Amino acid sequence: MSIWTQVLYAAISVTVATVYGLTLGGIVRKLYARVHGRFGPPVWQPFLDIIQTSSRRVSVSHGNMFLLGPVFRMAGGLGTYLFIPVIFGSAVFGNFSMAGDLLLVMYFVFFGQLGMALGAGQGGHPYSPLGIARGLAQMSAFEVPFTLAVIAVAIQYHSLNITSIVAAQQGSFLNWTLFTNPLAVIAAMISMLGMNMHSPFSIVMAPQEIPIGPPVEMNSGFLSILQTNRGLFAAAKLVLFMNLFFGGATNLLEMIAKTFFIYMFSVFVGAAYPRFRPEQSFRFFLKWPTIIGVLSIIYIAYLGGVL
Amino acid sequence: MEQLIKKLKGMVHLRAYRKQRDDLHFIMVDKPQLEMILAHLKNNEGFTHLAFLQAVDLIEDGKFQLTYMLYNYSTSVNLGVNVLIDRDDAEMNSIHKLWAHGWQYQRELHELYGIDFPGSPRVEESFVLEGWEEMPPMRRDFDTLEYSDKTFYQRPGRSTNDPAEYMKEKMYKNYPPSPGIRRDDE
Amino acid sequence: MSNLSKNKYSGYDADRSKYPEMENGKAVIDLDSHKFTKIWQGPQHPGVTGNMSVELIINGDEIVWAKTHVGYLHRAFEKLMERRKYIQCFPLVCRICVPEPDTNEYCVSAAMEDLAGITVPEKAQWLRTLNLEMSRIASYLMWIGGQAGSLGMGAIGQWTVGMRDFWLDLFEEMTGGRVYHMYMIPGGVRKDLPDGFKDQARDLIVRTRKLLGDVENTFLSNAIVKSRLQGLGIITPEMVDEYGIVGPNARATGREYDIRINNPYVKYSELDVKMITSSVGDAYARAELRYKDMHQSLDLVSAILDRIPEEGALQAKMPNLVNWKIPPGQTYVKAESTRGEHGFYMVSDGTGKPRRVFARGASYTHAISVLEELAVNISLSDLAALMVSLHTCPPEIER
Amino acid sequence: MNKKHINEIEDQMKLANEGLPEKERGLFADARPTTVDAFNKYYEGFLNWARSRSLWMLAFGTGCGATELRPLMTSRYDMSRYGIAPRPTPRQASVFIIGGYASIKTIKRIVRSYEQMQGPKYVIALGSCTINGGMYFDSYNTINRLDYYIPVDVYIAGCMPRPEALIAGFNRLKEKIRAGECEGMNEYAEKFDWFKKNQKQIIKNWNMPDYNW
């Protein structure tokens, strides 16, 4: 396969993922609205929002780093997505998974947030640094159980290559990490709550506290980049979780079904709970999820996965 | 309540006493004795709750009448303490040491009436107005309509109707004037 | 003079022991040291109750200094009322506190009646009581949505504000107005209950109770809500007198002060109003207390519906209200609003217009002195919850 | 034109951020707002269609009219059906709802928030008190007509207008946007000096920059 074919395939894959992620965002809004007892916006509302923000006639920049912030964020989302095999065995949706491994993907998950922190900091608004401080602190907190879970998975499959991790889970659904190493999945799913930033871990963009955190000064085109990235990044995270813990997907329908249910987990928690205080949130992640993560490593490494 | 009034009469010069309702009484005292009587009422007679402190502009007499509304939790009685101060040289003792929220009312009176309370914290700060340059607006001689006409742009088309005339013209035009309609009770 | 030592400006102050820089018992806040940030919370801020703002100095996420700014809603009602005839004051006063306008209407009409020596007929009194209790429920429903919303739980607000709307429909049936009613006029009320009103109201009471059950399950029993509200903004019993704290905020500290019981007005003396108190004094105790008060209000509404007489005059015999003159005098009339003692001080001078009207809003001290004290040392994320928990209503502060 | 003249003109064009301390001047823009023309007709028509279906409303309840925004946002009337969503920062909002009377202290914040919004931006003025002062026509602290201070697209009369009236107002705004009639941003830039003159006449302590975007 030539490099150009691959780039074409990757472009198709990124477009599909973005559209899917944004549609999922619309569905989530609709679901929240149903919990609230109202109709909610149409499912395609996120697309309209992106057109609307990008069609503003003027925009304000606060300097070079401010310009680069959304770009970094987008790079983080793209990087995360491009090194994950979306559909196992598919040429179009395989992305560049042969070139990267789990560590690279995790690096890109951080990269976007750090880049955004750099950019938003130049906005000059006091809520930006407050949100950044909260976001980075929470990120380091939820990364602990997530990393532990990833280590457990790596030990379990003796590999950091996502494709081979997915390959090892094929066959029966009993081969999924969910059933072979449930502790790691629990730790990772809890840390996903923090990653998706729904309640009770929505401290970064808490509108009643620091409206709306880092992107408070983002406007016009910058905001539309961030919104697009939100769709792409959500899809990338979900696909990563699906690959690591839920056996990956062999076709597009399976991918959509699995990621949808993974996402619904954090949505249902989010609809029913208020928000933590920042320090409560950090403490939460460093307590039980971390212990569960350590236990999962012990379970895999010393007990050999059998009890 | 009668006992309290009798006791107060023995203590200070009570200029006036009026019972409005069973649970609302007003007394009027002299300006120098006010702080003392408030402290006495608060510490010894159980009037611990200061509901408000407000001023009335008695422009005809050249006075401001201040009202300190106290409340006794155990007997459920409100007692209003009135005091008259000079309008031209409006100055009053501060009660911020008796009640921790006293300064708020004093700041408000300072801004809206121009009454000075020396020693009261934050009394010079602005309360509701920002960049106000005219005389204190709650004084009777400040004409708010004139100020509004002068400062804000009126949209043409606003008119004022006398309700009696307007109704006669619009609603009862086709009816003969009824002798039964009660007009003025003057 | 025992209270002097506890006064804000002579020693008593918020606990600032956490801060390293202390000089003569005062925290030194040097903005140029880059240890502190100054931010303005509001007026354009979704977490601020209404159009007011709080100037904050924060250290990390922690508030070290707070100052309330009001005046964004100052419409000079008191000045305008001095220019208007007595009956013309009514469209104005209901706008003093928007979520609960009826307390204002009651206080103003009662003050005029008190000065003019008018007795309100029996049936009008019952209708007034009904109106006041219904507005209490509407206001509380809005409040509990705000309290949940301040913690990032939007669903409760959606439910309760939606339910409040049905109560507003009921108001519309009763008075013709949705938000502003102008129902009570001097001497009585404007009109009788429409047909079928009582059944509608009873039906709505059942639905509201069901909703309140849901709210209790999802909000008041929620572990995260408890962990955030418990211990937040504790008002001590000593502070009640010092700061003139009233209403649920005072009752949550154990102070038995409910004007419906202490100084019964309209028909509350004939109704079974219970004094609901708590001894904790924190935000969760206040929330619980208000929740119980909502149930009590629902009880009262159904009791009132049973007892409203069918027949009776709606208004006392009044002179022509257009040229009504009230003899000179001064009075103070108060009523228990959802936020506490809501009173009107009225001075008449014998002319057709009031000499002075003053609205004593309960939030006046809650939102300024008390908030400035309680906001110190809490996290920035709790400020919205604290403000809603004190139930501040800016328009009644600045009128 | 000699160099002195050019310098003078440049001086006039430079920072007009009077009233600000020296160190804060750099934080604010130093240029007048400029009119930005629409794109070609068809593309702009498409954009206007999208804009009208995604109205981001600034969550600044400036007056008592904001009380009726709550039922509008919540389950009874649910404005999100129409693509209207509250937005907590002026930078991202496109619709500014003035909730009734604006006191002098508030109009200062309104002007500042309005200038921080990114065009095209729309203003809905709600309540009679924004039209001609309403029942506060003689108050010393509330303005009488809003369109002297910021351009207004849609007025909704009433005190206060019901949520249904608000929805009707939003629909009217959508029609106007689709027809390309909402050029408040350009109007503000064109008549900038007139607006500033009016604003400065009532806001006495103008301790804010002339331009802040």
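Each chain gets a letter, A, B, C and D, in the order it is written, and its residues are counted from 1.
Simple rule for what comes next: contacts are C-beta pairs under 8 Å (C-beta built on N, C-alpha and C of every residue); 3 or more make two chains touch, one makes a residue touch a chain.
These numbers come from a predicted model, not from an experiment.
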| item | value |
| --- | --- |
| Chain pair with the higher count of C-beta pairs in contact (B-D, B-C) | B-C |
| Centre-most chain, if every chain is reduced to its averaged C-alpha atoms | C |
| Whole-Å gap between the CA centroids of chain B and chain C | 21 |
| For chain B paired with chain D, centre-to-centre distance based on mean C-alpha positions, whole Å | 38 |
| Inter-centroid spacing, chain D versus chain C (mean Cα positions, whole Å) | 32 |
| Mean-CA-position distance for chain B and chain A (Å) | 61 |
| Contacts with 2+ other chains: residues of chain C | 45-46, 71, 74, 76, 79-80, 83, 158-159, 162 |
| Contacts with two or more other chains, residues of chain D listed in rising order | 59, 74-75, 88, 105, 138-142 |
| Per-residue overlap in chain A, given as positions that touch at least 2 other chains | 36-38, 207, 211 |
| Residue numbers on chain D that touch chain B, as the complex places them | 104-105, 108, 131-133, 137-145, 148, 198, 201-206 |
| Touching residues on chain A, where the partner in the complex is chain C | 32, 35-38, 126-127, 130, 133-134, 199-200, 202-203, 206-211, 271-280 |
| Contact footprint of chain D on chain C as seen in their complex | 43-46, 50-51, 71-76, 79-80, 83, 91-92, 95, 98-99, 142, 145, 157-159, 161-162, 164-166, 168, 178-180, 395 |
| Residues of chain C defined as touching chain A within the complex | 37-39, 45-47, 60-61, 148-155, 158-159, 162, 218-219, 222, 224-225, 227-228, 379-384 |
| Touching residues on chain D, where the partner in the complex is chain C | 58-64, 66-68, 70-71, 73-77, 86, 88, 90, 101, 103, 105-106, 109, 113, 135-136, 138-142, 159-160, 162 |
